[in-house]
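After this come two complexes, each holding subunit A, first together with subunit B and then together with subunit C.
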Partner chain A sequence: MKLKSMIFFWALFILQNAFSQDALTIIRKLDNNEVFNAIQYEGDMTIFITGKKIIKTFTSYAKGRLNYYIEFTNPDDLGTKYMKKDGNLFYYSDDTEKVIPITGHMLRESMMGSDLSYEDAIENETLESQYNAKIIDQIKFDSDTKFKGKDVWLLELNAKKKTVSYPKELIWVDKETFAALKIERFALSGAKLKEFLLLDAEWIGNKYFATEMQIKDLLRKDSRTLFKMKNIKMNVQIPDDAFSLKRLSR
Partner chain B sequence: MIKKILTISITLFCLINISAKSSVNFYGELESTFDSTHKREYKYNDIGLYSWGVNNYANLKITSRINDFISFGIAFNVNTFSGNYTDQYKIFYAQTAISMLIDPVEYKLIRNNYFSIPFYYKSTYVGSLDLERLFFKVSTTEVDIETGLIRIARGYSYFFKPMDIFNPVDPFNPNARPQGKIALKTTFYPADLWSIELFAIAPDDPIQQNGWGFKFGSATNFTVDRFNFEFLYSLFLPEISYLQKPSDIGLADSVNNDYSHIFGFSMKADVEIGLFTEILYRLDQKTIREKNYYGKELYFFRGLEASIGLDYTIPVANTDSKFYLLIEYLFYGSGMLDFDEKDIGELYISNDWKKTDTYNRLSLFDESKKPLYFLRHNYIFGLVKYIINTYVSLSASYLFGIDDQSALLSFIIDIEPFQAFSIAISASYPLGWEIVNNTWYPGEFGSTNSGYIQKYKISGKVKF
Partner chain C sequence: MNKGNNILTSFIYLIKIAYRNIFRNTRRSILSMAAVGLAVLLIVFFMAFVEGMMDSMKLIATTFESGHIKITTKDYEKEENFMPVWYPVENPDYYIDEIKKIKGVKRVTPRILSYGTFTNSKVKHGIIAGVKIDDILQSVDDKIKYGYYNFTRKSNGLLIGRYPDKNENECAIGYRLAKKMEIIWTVIDKYEFEWLINNIDKEEATLMKDCYKYDESLKSYKLTLFNYQNLPKKEVKRLNKIEKIKYLDLINLFMNIDVKSLPERIGNFANTVEYLLIFDYMKETFLKSYQYDADNEVYNIKNDLKKNEELLSYIKSALELRIPFKILSSQYSDKYSDPRITGVFEYDYITIDESMLIIPYERMQKLASLRNKTQSIFVFAENLKDIGNIKQEISLKFNNPELVIKDWTQFPFLAMFNSFELMYYIIYAVFLIVASFLIINTVLMVIHERIKEIGMMGALGMKRHEIIIVFFLEAFFLSVIGAFFGTFIGGITTLILSYMPVSMEAMMGGIEFPVTNTIFVKFSFMILLSSFLFGSLLTSACTIIPSLKSAFIEPVEALRR
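Now for the complex of A and B:
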């Protein structure tokens, strides 16, 4: 009886290990989908909040995970620019006429009134480095998007460190493309804080790249933000000083 | 002939090339403010006077990136003033009309404030137009050169900004865009997050021609790990000929006839709580040579202006609402009144100042005093903002003069009903010991000195 129990638990351990290996492979592929040498695109954010519709347009380029530059082009925000350099966020506007670092508690603020926080915008770490992942289900995707009916893994991610912004995440990963079709982010209390829903994506090279998504900050009443990217150019030549104080204050 | 054709061809080619790459942006904001003020009357039983004012303000900007290397910008302010907003116009107009007889002290006072140039007087309003920025910028791979009417912004603080001395923000109207200065600024970038600036600023007195009054300086900004630093050194040339007695040419003794050295430091730290500081030390050679500080005993602290502040956001559980808290302390070493000088009357040549409205009071100012923004040495500013959501917030702020216990209490409601349009409603109350007993010394922010008992404003702003 004792031997049988040991064999059973040993088998369970191997099985669990095999599943967690799979989960690790999946989040590595997810991480890999978001890594690119250089990207340039135009975009718009449409913010719907309590019956209001606010549209922000911008141009942006990025290099790897730690460097990006975004310049708003809609008339009421013209001259507003953000730069992430080696994971640190800086801001410049025509009103301040000075580069201002965005730091500490300010990172939790909404970025340009959207459902996205600065913290969401400057995620520097990979999922693999921040979370332990496990597959909790294999189901058909049921959210009402163009990806409805796709076979997905449902992953549960639990933070390795207490300093991670969202201690728990659920991710629905497309088995075919390894795209994250939906992400739910939770607080330590278990309350759902954010929801990311993929609305559109396209193959660019060997990556299935998200081009349109809906973000919901669930603490905001009656609010969602549509984030769209267009004219995407991958592996473009980005000058050496593209992520610098010089560029930001130009 | 061939030479001419070649020249025209090259010029046309350049023009086509430039216009193909260039882009012109026209944008700005329009703000309409209605003000209702309960003013001090200063006579009879002093129950006060009701006054109203309307200000329409447009800040218009045109910028153009001509190509990858050159950009150009111009910004100007158009104002219409009615009611109590014309007080500024009245004093400026009076001074301009008698410009040949202008009193130097009053001239300095006006020069240090933000009066636009009145350009016409019409039925229902007084109009004004002033140029705010006019510059072009050349950017090469190694260096940026910017010149014209520009702003040289300094420091990381939010409210008290002692280091922002070249184009200071008006502490009593921090939303106003700072006035530009004619200057040349050259910026080098030894690393991506490190800049070194060299600058020269034209004399404050625009008709001055002999080279005195220039300000030169250098500053550096850099980021180390989670800390952002800024250092500044600036040399101010004498405002008039070196060592010339100001009184010999009819100027007040406070006019600087010697060199001044400015040392500045600012820091913003990336810790969970926002921490920022600005420290400025002004060493006036004149004060050392004369062994007194503009008529006062010379102490080290006279040249020191330093602010330190903290800010933090506290989220309200399970909602998008939050409280934003800001507190700043300012030590203002050069203050016009010392700790032992309790009476603001020390600044005036006549005790009638208490019975005179704030604008006519300027003529009673003691010329030997150096006009400054703040009268005393220690100040605290506190702000609590309840952000209901990104588009609605309620704020209460408290500017407190520790030395005379006077304060300015303000409440503000900000609403953004739809994109690019916002409404602000504010109420301000000056508080001082005169509220308790009108024979006690009036404070700096009290109603006697500020000229009003309560003020209410409503403004609508459109950005385009």
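Now for the complex of A and C:
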């Protein structure tokens, strides 16, 4: 009886480790899906809030995780530019007449009235460096998107440090493509704060790249944002001074 | 005719008896009159104070919140507390021009208010107000008391500097907000401080040295103002007054500082250096011009550098007092601005004073993406009595179901205070009834004392109602004389106090009163008249019942006692 119990616990331990190992591999692949040398694309953001629909268009380019540039092109926001340089975010528009760094509590604010916060937009760290992951279930994806019915791992991520914006995340990862089909982000209290739902993705090279998603800030009443990317070009040549603040204010 | 004359003659006779009776026990009469007088005095004072407070509140609410008439839209009305800019009034210029034509309209002005997020780490949110600057500057109007943003000083509320220029990216900030935000550097690097001192005049340098003290452990100068620990309340209050002036002078100094030379050396934690290092192009220019000395943690200017206009302009921008903020525009876009502070105001409305940044209306309209639209239109009338007619005329003229036209009395805040009016009258009545007890007591004692006299008056043929009248008139005279003196003294007191602003903050032991901090006790003949009438009539009425007692005394019974 004693031996049987020991074998059972050893098996459980090995199984758990095996799953943990898998979870780590999965989030590494998830992280890897988001890493690229250089990218350029056009996009639009459709904000649905209290019965209103607002569309914003933009062009963007990025280099690695720490540098990106986005310029809004819709008439109301023409000339509004954001730049992430070495992980820090800056803003410029003709109204400000100078570059404004966005730091501290400002990062938690909604970006351009969308359900996305600046913090969500300038995520500098990889999932692996921020969270401990474990697989909590293997199920069929049941959200009403084109990916419904896909086999997914349901991952639970718990923050390694207290400074992480969302202490807990749940991620539904497609077993076939390693794409995050759905992400739920939680506060320390356990309240769900954000929900990301993948609506479309395409293979670009060896990466399954998210091209359309829906973001919901659950603290906002009656609100969701659709984020679409098009004309995506990977590994384009981006000049070295493209991420200069002086250029931002031009 | 003869009958009428007889009644009048007998009534005058009764009055004479009642009047003489007052002096039969002077001490008791004086005491009774003093009680009524004191109660009426309290009523006069209380009425004058409450009406003064109500007037201040009305003035504040109409100046800042409602105007005499406020025009918004139906959707805005539903979410008014959030100050949304996405439910605008279309084509406001047309409405303004048309409203100005209406008889009795004094001023029509558009305003846009929005919650804003500051980049400041001490105060994260506040109100950004887009106000027509000309309206603030030219609007002080004694007749309608519009434009008195600070009632104590009877001014537009500006403490230092000036209101922003409508064509510039400038702002005015509330004194309390400026203090909370710590817009003045609280710690200045040693070398940075010395460099600043060399760039300002003697008087300003003395002020800087007076306000900042060197801290060896930080190798920096620290602002010493408003640092009260374990000091008695009185001392804190005294120091606060003195240091407020110094703080405002410091803000003024920083608002106008103009450095002409680069610092010879500057610490690596200096405010200027921290600012320059944020921006890559400034950082590059700075590092080209300075050599870092790691042992002493300072940057030393390179020898060959004579003048660097570009770097000097960057350093000047680091010294500018600016308040970067973000608002959400009518198109749900983040709109940032970083206006330069040109003035500090202090209004009696503390809620505004500690949360508001005023920027020119035209700039706010652009920021909020409101092009040819506005959030609200404020209408001020020549005379408050005309408001009903003006409101009706506006409604008929535009006949737009989307517009909400409200006059100031409809604002919940004011309606609530108006509903307190009945309660105040109940309080006044309680004062008087308490005072009346003394008169009731006096009448009862007098009746008891003069019981034989009542019997004799009855035996001599005086009718019951005449006996009642004698006693009632005696009590009535006591009430009227007491009320008169109470009103007279109350009138003089309120007249004097009406020239002295009463600080609610001081009255409430340092607790700031959010609605209106300064109250002027109101002197008005209507208050005096109503207090006098209310006092004399109510106390007289209270004496009717004890006076009736005299009527039920049988003359034979009374004479036997």
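Convention: the second predicted complex is superposed on the first by the 246 of 250 C-alpha atoms of A that agree within 3 Å, B and C clash if a C-alpha of one lies under 4 Å from a C-alpha of the other, contacts with A are read in each partner's own complex, and residues count from 1 in each chain.
The criterion applied here is as follows: a contact is a pair of C-beta atoms (placed from the backbone, for glycine too) under 8 Å apart; a residue touches a chain by one contact, two chains touch by 3 or more.
This one's a predicted model, so the numbers in the text were calculated from it and none came from an experiment.
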{"item": "Subunit C versus subunit B on the shared subunit A, clash or fit after superposition", "value": "clash"}
{"item": "Partner chain in contact with A:Tyr69 - subunit B first, subunit C second, else both or neither", "value": "neither"}
{"item": "Partner chain in contact with A:Trp153 - subunit B first, subunit C second, else both or neither", "value": "neither"}
{"item": "Touching partner for A:Phe209 - first (subunit B), second (subunit C), both, neither", "value": "neither"}
{"item": "Contacts of A:Glu109 with subunit B and subunit C, given as first, second, both or neither", "value": "both"}
{"item": "Which superposed partner A:Ala191 touches (first subunit B, second subunit C, both, neither)", "value": "first"}
{"item": "Partner chain in contact with A:Thr80 - subunit B first, subunit C second, else both or neither", "value": "second"}
{"item": "Subunit B versus subunit C as contact partner of A:Tyr91, first or second or both or neither", "value": "second"}
{"item": "Subunit B clash site on subunit C (candidates 3-11, 21-29, 219-227 or 255-263)", "value": "255-263"}
{"item": "Intersection of subunit A interface sets (partners subunit B, subunit C)", "value": "49, 52, 54, 76, 85, 88, 95-101, 103-106, 109-110, 113, 244-246"}
{"item": "Subunit C contact footprint on subunit A (complex, rising order)", "value": "47, 49, 52, 54, 56, 72, 76-77, 80, 85, 88, 91, 93, 95-106, 109-114, 244-246"}
{"item": "Complex contact set, residues of subunit C against subunit A", "value": "86, 117, 119, 121, 124, 169, 278-281, 317, 324, 326, 328-329, 331-338, 363, 366-367, 369"}
{"item": "Parts of subunit A lying in touch with subunit B, wherever the complex brings them together", "value": "49-50, 52-55, 75-76, 78-79, 85, 88, 94-101, 103-106, 108-110, 113, 191, 217, 219-221, 223, 241, 243-246, 249-250"}
{"item": "Complex contact set, residues of subunit B against subunit A", "value": "25, 27, 61, 63, 71, 137, 139, 141, 144, 151, 153, 156, 177, 187, 189, 192-195, 221, 223, 226, 228, 268-274, 311-313, 315, 318-320, 389-391, 417-420, 463-464"}
